[in-house]
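Quick one: this structure, given as structure tokens, is what I'll be asking you about.
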Amino acid sequence: MRTYLLPEYIVERDDLKCTRCKICIEQCTYGVHYYNAAKNIIESRSERCVNCLRCVLFCPVNAITVRRNLNAYRENYHWTYEFIASIKRQAELGSALLSGMGCDRPYLTFWDKLLLNACQVTNPPIDPIREPIEIRTYLGRKPKILEFKTGDGDIELETKIAPDLCAETPILFAAMSYGAVNLNVHEALARAAVECGTYFNCGEGGLHPNLYKYSEHIIVQVASGRFGVDLKYLNAGAAIEIKIGQGAKPGIGGHLPGEKVSKDIAAVRMIPAGTDALSPAPHHDIYSIEDLRQLIYALKEATEYTKPVAVKIAAVHNSAAIASGIARAGADIIVLDGVRGATGAAPKIIRDNVGIPIELAIASVDQRLREEGIRNEVSLIASGGIRNSADVVKAIALGADAVYIGTAALIAMGCTLCQRCYTGKCSWGIATTDPEISKRLNPEDAYKRVVNLVRAWNIEIKEMLGAMGMDSIESLRGNREQLRGVGLTDRELKILGVKMAGE
Amino acid sequence: MSVINNCIKKLEDNAAIIDANEVPYQQLNMLLRKLSVNGIRTVEIYNVCGQRYIGTGLKAPLEIKVYGVPGNDLGAFMDGQRIFVYGNAQDGCGNTMNDGLIVVHGDVGDVAGYAMRGGKIFVKGNAGFRVGVHMKEYSDMKPIMIIGGKAGDFLGEYMAGGIILVLGLTGEEQRDEQSMKFVGVGMHGGTIYIRGEIKCKCMGKEARIEETDEYDLCLIRDLIKEFFTYFDLEISINEVIADKFVKIVPVSTRPYGRLYG
Amino acid sequence: MYAKSRQISHHHNDDKIFSSCALFGMINLTGVRFTSREPLRAISSMRERGNGLGGGFAIYGIYPDLKDLYAFHAMYMNLKSKERAEKILMRDFRILLSEEIPTKGSNKLPNPPIFWRYFLEPEPSKIKDEYVDSDEYVVKRVRKINIGVKGAYIISSGKNMGVFKGIGFPEDIADFFYLDEYEGYMWVCHARFPTNTPGWWGGAHPFNILDWSVAHNGELSSYGVNRRYLEMQGYKCTMWTDTEVLAYAFDLLARRHRIPIKLIAKILAPPYWEEIDSMEIKERLMFTALRKVYGSLMMNGPFSIIVAHHGEMIGLTDRKKLRPLTAGIKGDFLYISSEEAAIRLISPKLDKIIRPSGGEMIIGRIKSPQSLEVPPLIRREHI
């Protein structure tokens, strides 16, 4: 049927500058540009443009501008452009609309309403250039008490501590499945994890054999589809993460469209090429908390208790109670993924409307675990739209031990958040498994960018810690006194456990 | 005023003797200023116990002999006077000193020579933490600090000029490797000489070790000779001069260059 | 099963009380008792560090005739608080003696609270029902009164010791409580310079729980983390001071978790990861474990503290030594002080001066209180 949709973007080309080099045609994976031989000009089918900015950045003479289509519906705060367009599209397709990356709606970010403290007079700030500021973070289960044996003036530690992860920075790389992204991305992240002394989560798509050599820096994920999960896989990581849910699509499973299931992906996931790879919503063996406990211990047995087991849940309404249950079920690490968490593909309506912001979730989970006296025994990782080092510091001050970054790592590699990951045509070579397009992402270059990002954030984190008068990150974890809120209601302040700026 | 006058035990020519017992520091220092303005050139102060800022705010030349334990910030902002301490000094000795001399026949506490811009501090014994922080030099004003014993962590932090020499002569472990940490963090000027050895990991990443050359050895020799004129030490000066010295200098004058972009 | 949600009440809206201070501790290592003259002289000499808004003393060995009973020093804002607190005391304890702590009216300390002391032991029938030892029993009651009874505070609850403190210079506080009439084998003194408290008598140091007393100089930037961890362990922080958190930390680590004292210093002021990484394997595992499990009790920020309990006086600074602390030994006496001059004032010639490094603990330990033949045991604790 005829489409009634307006093109979202208009591609403009400065014809005087254009040298007809045709790089834009080559680079665009959505078929926007084409060469009109008769007129010797390059023309563009604006209706296909997704604003990925690849051609803009690669045009050697900066001849291309992509701008928002000025044709718009009449201003309407209730019926926004987005909602109108979605209806028209659904009227044409009759299906749930997919989208990629994370929720982009307004009003759901609390990081920008939290401000950090700095020390003056009564306590000196610390300069990270001159004095060491320690950001090493251990993640795993900790005993309630340490017992020692004393004798002959010697003191020996008796308590055994469970296996855990040692990250030299509180920043870890979030789970992005092999299939949602390609092997080059995985390799770049793995190498970056090694160099930064942190960990990369390989997501629910299994682990490619080429990456087994990075074992000590990999967290393997076990999701409901159990893709690629065998003993070898389980033992290939430094930790195992059971994925119950993710912030982008709580309550529904993972979804890798058949177009992205290439031969390699199929081999790792152990499904036929070209079929959709679907992870069911629940783990079909977990219908209650005691089942989760059973799975956790099954994994521990399978790896002979040598690796910590984490459980990842989406931040939803009763996350606090769920987290408490997970802690008591034997998990060593709890991962909370907020509503801003990203994905390769999710129904847009779920992505934008289900789940709660990670800020509130961390605050309430941390508070609940403390009330129950068990906070010190598990580690908490916050995830979902961490955009900069200030978000990291605020997350830790609210109660997290560490954060996962996903979107930020991809942006460092080149992603421009055009949200078309589900098409498999990512022009940056990131969210695609097409072998040709994937070549565009050079792992050597990509990993350096990610390492630079983490290094820059580490410097900033140390500066902020120093400003707060702390020389070690242990003194920030859950230290709500270092935060103040602006533009928050009393209720929000109460849940975050934070005072209003000025108090 | 009568309190002040009472504590002057002797006053003749241009010398005075003061008993500082129970005299609050404001009055003691006021007295010192008054005396120096009136032509006194040497003062001996007995029973000093904790009075702060001795030697601060003096406008005329004065030589002060302190018997006892002076309080914090001895010689702070001092500009050309000379102080001899027969006992241990506390924290902040020579704070932002512009010029002059401080000789301590004992230990100094933490934060000695902070932001020193000129003058000399000689310590017979040990020094505490954060000594020589942000010492700086400009044209011919070059501060010098010599520690006869050991120094604590963060020596020469943020140093921008001047010289620190640590001899390791006194104290319980003589001639042992210096065990201090974070030497020269944030250093971007100046030089630190240490007698003996120091492990690289004890230094901040803004500092590095350099080989001493003829000029350095000459300088060290002269400094040690000067040091020995003030103290009676059991070890022979030649033994000390003949020893090996480590020279620590900044890696760059712009340590912030790579961090901010 | 799950603890009820904790309500914390507090007077001020500030995160906590900021202050700067002077510390002085003096212990006779053979247990011989001495008067207030010297410790008072020493703490008063450090006037520059205080501003008259707080002074206090913890004295050990002052009630030898009643040494087996808990000596509660209580501070009441009014008679009503006293009544309500005593209801709890009378119900849960056998009180063998109850009297006012003698105080001198003075125009230097206007409107002081009522000070009372009780010598008591847990009511035998009640303690049997609770399956706890008497220390835990006492801690619970003290907490109950401090939180539950408005205007009532048990400022010390140890045996054969007591805390005397309030708003005023130390010499005025000593005068107020007639401290020249007491003799103890260990005195811990404190002068305070708070920056954000109006006359809040309870905020003065030393802070006490059972026979642990803490006097503290500095500020903990990790206060929020420390407090929340301790609250998770069942403590209620009502005084909004760093000192309270330090005292509870010692109570938790030493009494409940039985961690050796040397290691407690390494929890409060841990070695850097760089140092830990270069240790031998056994040590490395031990110190890594300490930081992993007790990282929330790391005291970040500048501090120097004197901690006392029967038989031991401990001095410690933060690992960067941002606050001063000096110790001296002369004969049977160990002195720990913020400034050397204060020690020299009362003991000009010392056998030995000790200048601890950052994070290095000094412990003066008595073998047994009345032992005379053993030489003083001073340990500079290295691990």
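In this document, chain identifiers A, B and C correspond to the written order of the chains, with residue numbering beginning at 1 in each.
As a working rule, a contact is a pair of C-beta atoms (placed from the backbone, for glycine too) under 8 Å apart; a residue touches a chain by one contact, two chains touch by 3 or more.
This is a predicted model, so every value here is computed, not measured.
J.: Does A-C or A-B have more contacting C-beta pairs?
T.: If we tally the C-beta pairs in contact for A-C and A-B, the bigger total goes to A-C.
J.: Centre-to-centre on C-alpha atoms, which chain is most distant from subunit A?
T.: Between subunit A and every other chain, the largest centroid distance is to B.
J.: Would you kindly tell me how far, in whole Å, the mean C-alpha position of subunit C lies from that of subunit B?
T.: 36
J.: Mind checking the centre-to-centre distance between subunit A and subunit C? Centres are C-alpha means, answer in whole Å.
T.: 47
J.: Express in whole angstrom the distance between the two chain centres, defined as the mean CA positions of subunit A and subunit B.
T.: Each chain reduced to its C-alpha mean, subunit A and subunit B end up 54 Å apart.
J.: Name the residues of subunit A that each touch 2 or more other chains.
T.: 131-132
J.: Multi-chain contacts only, two chains or more: what residues does subunit B have there?
T.: 154
J.: Could you check subunit C for residues that touch two or more other chains and list them?
T.: 274, 320
J.: What does subunit C use to touch subunit A in their complex?
T.: Subunit C residues touching subunit A: 2-3, 5-6, 13, 15-16, 18, 20, 195, 218-219, 221-225, 228-229, 231-234, 257-260, 262-263, 272-274, 282, 285-286, 288-296, 298, 300-302, 319-320, 322, 383.
J.: Name, in rising order, each residue of subunit C that touches subunit B in their complex.
T.: 45-46, 48, 274, 278, 320-321, 324, 326, 339-342, 344-345, 353, 355, 357-358
J.: Under the touch definition given earlier, write down the residues of subunit B that touch subunit C in their complex.
T.: Listed in rising order, the residues of subunit B that touch subunit C are 25, 49-50, 52, 68-72, 87-88, 90-91, 107, 109-110, 126, 128-130, 152-154, 201.
J.: If you look only at subunit A, which of its residues touch subunit B in the complex?
T.: That would be residues 127, 129-132, 459 of subunit A.
J.: Report the residues of subunit A in contact with subunit C in the complex, numbered from low to high.
T.: 119, 121-124, 131-132, 134, 136, 138, 142-143, 145-148, 150, 155-157, 159, 161, 164, 370-373, 375-376, 468-472, 474-482, 499, 503
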